[in-house]
Amino acid sequence: MGASGYSGEELVRLLLRHPQVELTAITSRQYAGQTLAGVFPKFAHFPQAAALCFCEPNAERLAQLAQIVFLALPHGVAVEFAAPLLRLGCRVIDLSADFRLRNAERYQEFYGQEHPAPDLLERAVYGLPEVYREAVKKASLVASPGCYPTSILLPLLPLVRDGLIRTDDVIADSLSGVSGAGRKAELEYLFVECNESVRPYGVPKHRHLSEIEQELSLAAGKPVIIQFTPHLIPVNRGILTTLYLTPEPPARETAAQARFMEQVAHAYRSVYANEPFVRMLEGKALPDTKNVVGTNLIEFAWRLDPRTGRLLVMSAIDNIVKGASGQAVQSLNLMCGFAESTGLL
Amino acid sequence: MGASGYSGEELVRLLLRHPQVELTAITSRQYAGQTLAGVFPKFAHFPQAAALCFCEPNAERLAQLAQIVFLALPHGVAVEFAAPLLRLGCRVIDLSADFRLRNAERYQEFYGQEHPAPDLLERAVYGLPEVYREAVKKASLVASPGCYPTSILLPLLPLVRDGLIRTDDVIADSLSGVSGAGRKAELEYLFVECNESVRPYGVPKHRHLSEIEQELSLAAGKPVIIQFTPHLIPVNRGILTTLYLTPEPPARETAAQARFMEQVAHAYRSVYANEPFVRMLEGKALPDTKNVVGTNLIEFAWRLDPRTGRLLVMSAIDNIVKGASGQAVQSLNLMCGFAESTGLL
Amino acid sequence: MGASGYSGEELVRLLLRHPQVELTAITSRQYAGQTLAGVFPKFAHFPQAAALCFCEPNAERLAQLAQIVFLALPHGVAVEFAAPLLRLGCRVIDLSADFRLRNAERYQEFYGQEHPAPDLLERAVYGLPEVYREAVKKASLVASPGCYPTSILLPLLPLVRDGLIRTDDVIADSLSGVSGAGRKAELEYLFVECNESVRPYGVPKHRHLSEIEQELSLAAGKPVIIQFTPHLIPVNRGILTTLYLTPEPPARETAAQARFMEQVAHAYRSVYANEPFVRMLEGKALPDTKNVVGTNLIEFAWRLDPRTGRLLVMSAIDNIVKGASGQAVQSLNLMCGFAESTGLL
Amino acid sequence: MGASGYSGEELVRLLLRHPQVELTAITSRQYAGQTLAGVFPKFAHFPQAAALCFCEPNAERLAQLAQIVFLALPHGVAVEFAAPLLRLGCRVIDLSADFRLRNAERYQEFYGQEHPAPDLLERAVYGLPEVYREAVKKASLVASPGCYPTSILLPLLPLVRDGLIRTDDVIADSLSGVSGAGRKAELEYLFVECNESVRPYGVPKHRHLSEIEQELSLAAGKPVIIQFTPHLIPVNRGILTTLYLTPEPPARETAAQARFMEQVAHAYRSVYANEPFVRMLEGKALPDTKNVVGTNLIEFAWRLDPRTGRLLVMSAIDNIVKGASGQAVQSLNLMCGFAESTGLL
């Protein structure tokens, strides 16, 4: 549902190429009645694209056509369709923010409206497979994480879980490509306004903080509040995050720093060594969005600054793939018992 | 001298348009003997460009032709020409790093070679006019600041001077356009390698730290070490810096935060209210490199995050103008008694 | 009038910096009541920008405030203001298409509406100073040319006038930056839709054909129809045009080709040798938009292909400066008796 | 062989993902001894990438390791390896220009050196599967076409074969992304030199003319010479070609034009209706490189200009996929009896 935005379009691309999926319906109010090939000539070479028509969003109809429904709808709209779809027996993978928070008050604080279906919140699984793999497999409702949270949580959670860093001194500085703003006709996202431009935005309380801090708090066993600053940069896709962290206890001397770095490497390797979509850069390389764009991978590197004693962790993802549609398909694979990387390599 | 790099080229453009300057010589080993109009057709419509030839670098010759010499040469090379030029009576504005540090050991630590003329260091004035205006006016040797330092020091110094922030907890996260790397034929700066790419580099000890920390230490009256991470982003020009700062004393409650913000505004206004090239964004606007590219301005905004108690300061400059050639011309104007913004608006 | 589009904004920038102009009023329905500095922080360092407010468009009011009025309004709207402004004694420089055509039927054919003030058409002077300099000086109504026409006519007219090429075999292939589409919130001009994209559009009958063919026909003394294909490319500014032309008579042999090229060079030099904003590239260089962006120059080069006998002429301009606002200021300078390049170098 | 350039790298990506291919060796003088994962972290998640090492180019060694060898080497170098590899029993797919021309003199004219193995020329098959499918299947030596030729020949050949256009009046105006220049550390391909720049180059006799005219001449049954102008535009990938053609006989009246357009549509449909990688845009859509980048498709549209009687055909490809590596894999699939689109969707 909602196949005409950037995440929806990428989802369609991934599902058309997925060897074990049959894409049976796509919805879009704007394009209802038109074929996929007509609206997106870029898909015209897929045999299904000539036959598949966009239809109006209708839960009953979709429940007859599909076992699993992806919601690539705005927050506040997704929730309206999730409830009936679940009732009708579909499993739902929601790419919006509607089911990412366990706490309805937190939703209201950050999204400015009462949550319309708070009872569904506890049923939802936060769709970060590297963290909630087993729960995703059995989930009927997956809340696929936001793009910034994915880029921040994957490199941060192992350190928080192992108690290696101070949780009251976390800074996440993120740079996002323009597709993150969605396919919306607004002046500030025109080519001329974004090209040859770099700017911060949403300072200081971006909505994604709610899910980031929720997951960090769960990992830490205590409330965590962090600093997070997003910036808009002139690329189509990609998020680069730089994390500024403080070792706990402080690591001032060379020996303590070396020991700390061993612990960090161990924390990462022990959880990510066999993850198909996590690339730890342990040599000299630093992350670069161009190495992950178009893939479902996150890559990250870490450095200790001997002069300040701070730990820097830098990560890169494709905001539309690992940060949205690819990660949603990763959850689909888990839910259906397919190999986790099916259709994603 | 060194008119074929990006800073040199911009300097030529500024000087050709400067109503009180006569550009009498330009040097370039690579282009010696060719006319300016021939090498840079973009300058061909300036009457002087057809007659002006690039010449070999030669201090004696230049001293006969000019009263003031700009050095847009690599560090380590600039110093070789500065000494004879000064001896021959020229005033010198150096855009390299050779005279920015007061301490020769510090130079060696960060630039990896012994300083060849340490006696000249105390004669040099750090060419940040907003800080050293009076000294620049009388200087015979101006060390024009680096691009990152300019974007960091201007918004940071007033806070440090007034003791408003902790100097042991300063993080500067900077994003630079590719011209910052210079006109060098290296694979990593090819269009295809930079376009659709965002990446950190030089982590964790970038050379510009040396001058940033020198100036902060002078302002603080004690040694200051900061965290600084540069990133490369796909724009031709522009630096965006985000500073993460901690109020001193901490400002946790609303009232304390409001008071702190008044002090910050006061600190800024009292030094920058009448600066021709400093734009404080006091409304809702946040800085954007596209608003300063092609100008000698720095614009910056600041926000206190009530949830973390941290102060965020965000600045934008054109790395080649305010971050290099424009600032050098600003110094020239001061040295010659011209109105400070002559040729720069 | 209409100071919030890309041409209007550039016009404001040029007029603020113009040493002989006082900008007394700017209009914008959208921003009426707000200051220039507030809407465009990038102008905040000009002293006038804090005081100057956008006002509602009102001919009477403007006639009291100004001697010359620029119209940077959509076609069809400009004409509504031109008539009363002229009646009230203002001289008008119109950047829209409303007065570029001498023939009202031709306007209707290409712009799809009846011309509301056909009597004004003969009063208007086509504001291409290199062609109509004397008429511009005395004009009360200047119709400033379109961007594509400027890039095509300047290199083409001398050849047509001298009868050097066949006028029934002219192909103009043009590439334009996205600012040419104006500051309009439309999906197809979003960053993500334009970046990493190249596409033709408006095939085969673009509106600019009407003025191009009018001027070519006048120069040829007979009706001329040409082929013109615009393309959209991911740069902010710039138009590159490649003209495919056939010598008349055909130049098949080496000697004839050499003679023809002498005639071409002579045709160009005799009209453009002393033009301040025309740069003929007579060496090996080919035009590049980056050499003219931000300037009021057109640069062009020409080559004869010995294998096909065709003449190629390639030109580059900044679509917003020489293609719009700069050229309008050039007309202003002529109308007021200022040096033609005042405020434009 | 030659796996470190842009085509080589894309070839590696396609072959790693190809379900029926085992990539057994990669060569690179520069990276010999290093692993694929080490040199290109972007491939590190492929299991083979950790084990596969770049080796020195050595025909004997490769002949032991592989049945089919791709040459992604510069012209003049490819030929040195093709001969021994063929002798040793390998089948060779060459992405360089070394075997594209049937005539050794023509090679010398355009490539400036004598062809070192003219006897191999007649053995080579020009690897445009849509034209030479049956020959490719049986070929031992495939000369994969250049990027511009692919974008020009596929939409042009059916018209030439059917005698629908004049072959002495063909103009091809092409726009290419910067990857077309290869991964070479040259000043003119630096980010800052290409970004915000558009420029023609290689005027008027680009090397690709040799193979374009060879294939057109074969289709026409007589010598064909065309006009071809390449331009460099700031995108990583993509070629957009605009062809200006003249109907034969001329189609001046409406009825004749309608009839001509039916013939054109018929010519295209009869050869391309079932081609997996050819997308004819028959509705309102015009080609856009962003719709083909990352795919092996060519898309094209055509329009008759009723005012001039000319036919415009516009095509878009990814220069590195359909214009190089993808097309080479398409040939591989044919040579090995795999489904033609294996690994390419």
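The chains carry the letters A, B, C and D, assigned in the order they are written, with residues numbered from 1 in each.
Everything that follows uses one rule, which is that a contact is a pair of C-beta atoms (placed from the backbone, for glycine too) under 8 Å apart; a residue touches a chain by one contact, two chains touch by 3 or more.
Note that the structure is a prediction, hence the values are computed from the model and not measured.
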Shared chain contacts [chain C and chain D, defined touch]: A, B
With centres defined by CA atoms only, which chain is the most remote from chain C? A
Distance between the CA centroids of chain A and chain D (whole Å) is 37
When the C-alpha atoms of chain B and chain D are each averaged to a single point, how far apart are the two points in Å? 46
How big is the gap, in whole Å, between where the Cα atoms of chain A centre and where those of chain B centre? 38
Multi-partner residues in chain B (2 or more other chains touched) are 193, 195-196, 234-236, 290
Note: in the complex, chain A contacts chain D through residues 17, 38, 41-42, 44-46, 196, 276-277, 279, 281, 283, 285, 290-292, 294-295, 297, 299, 345
Okay, in this complex, where on chain C does chain D touch? 171, 173, 175, 193, 195-201, 203-205, 225-227, 229, 231, 233-238, 240, 242, 244, 286-290, 293, 303-308, 310, 312, 314, 316
Note which residues of chain C are touching chain A in the complex, please. 6, 177-179, 183-187, 189-196, 234-236
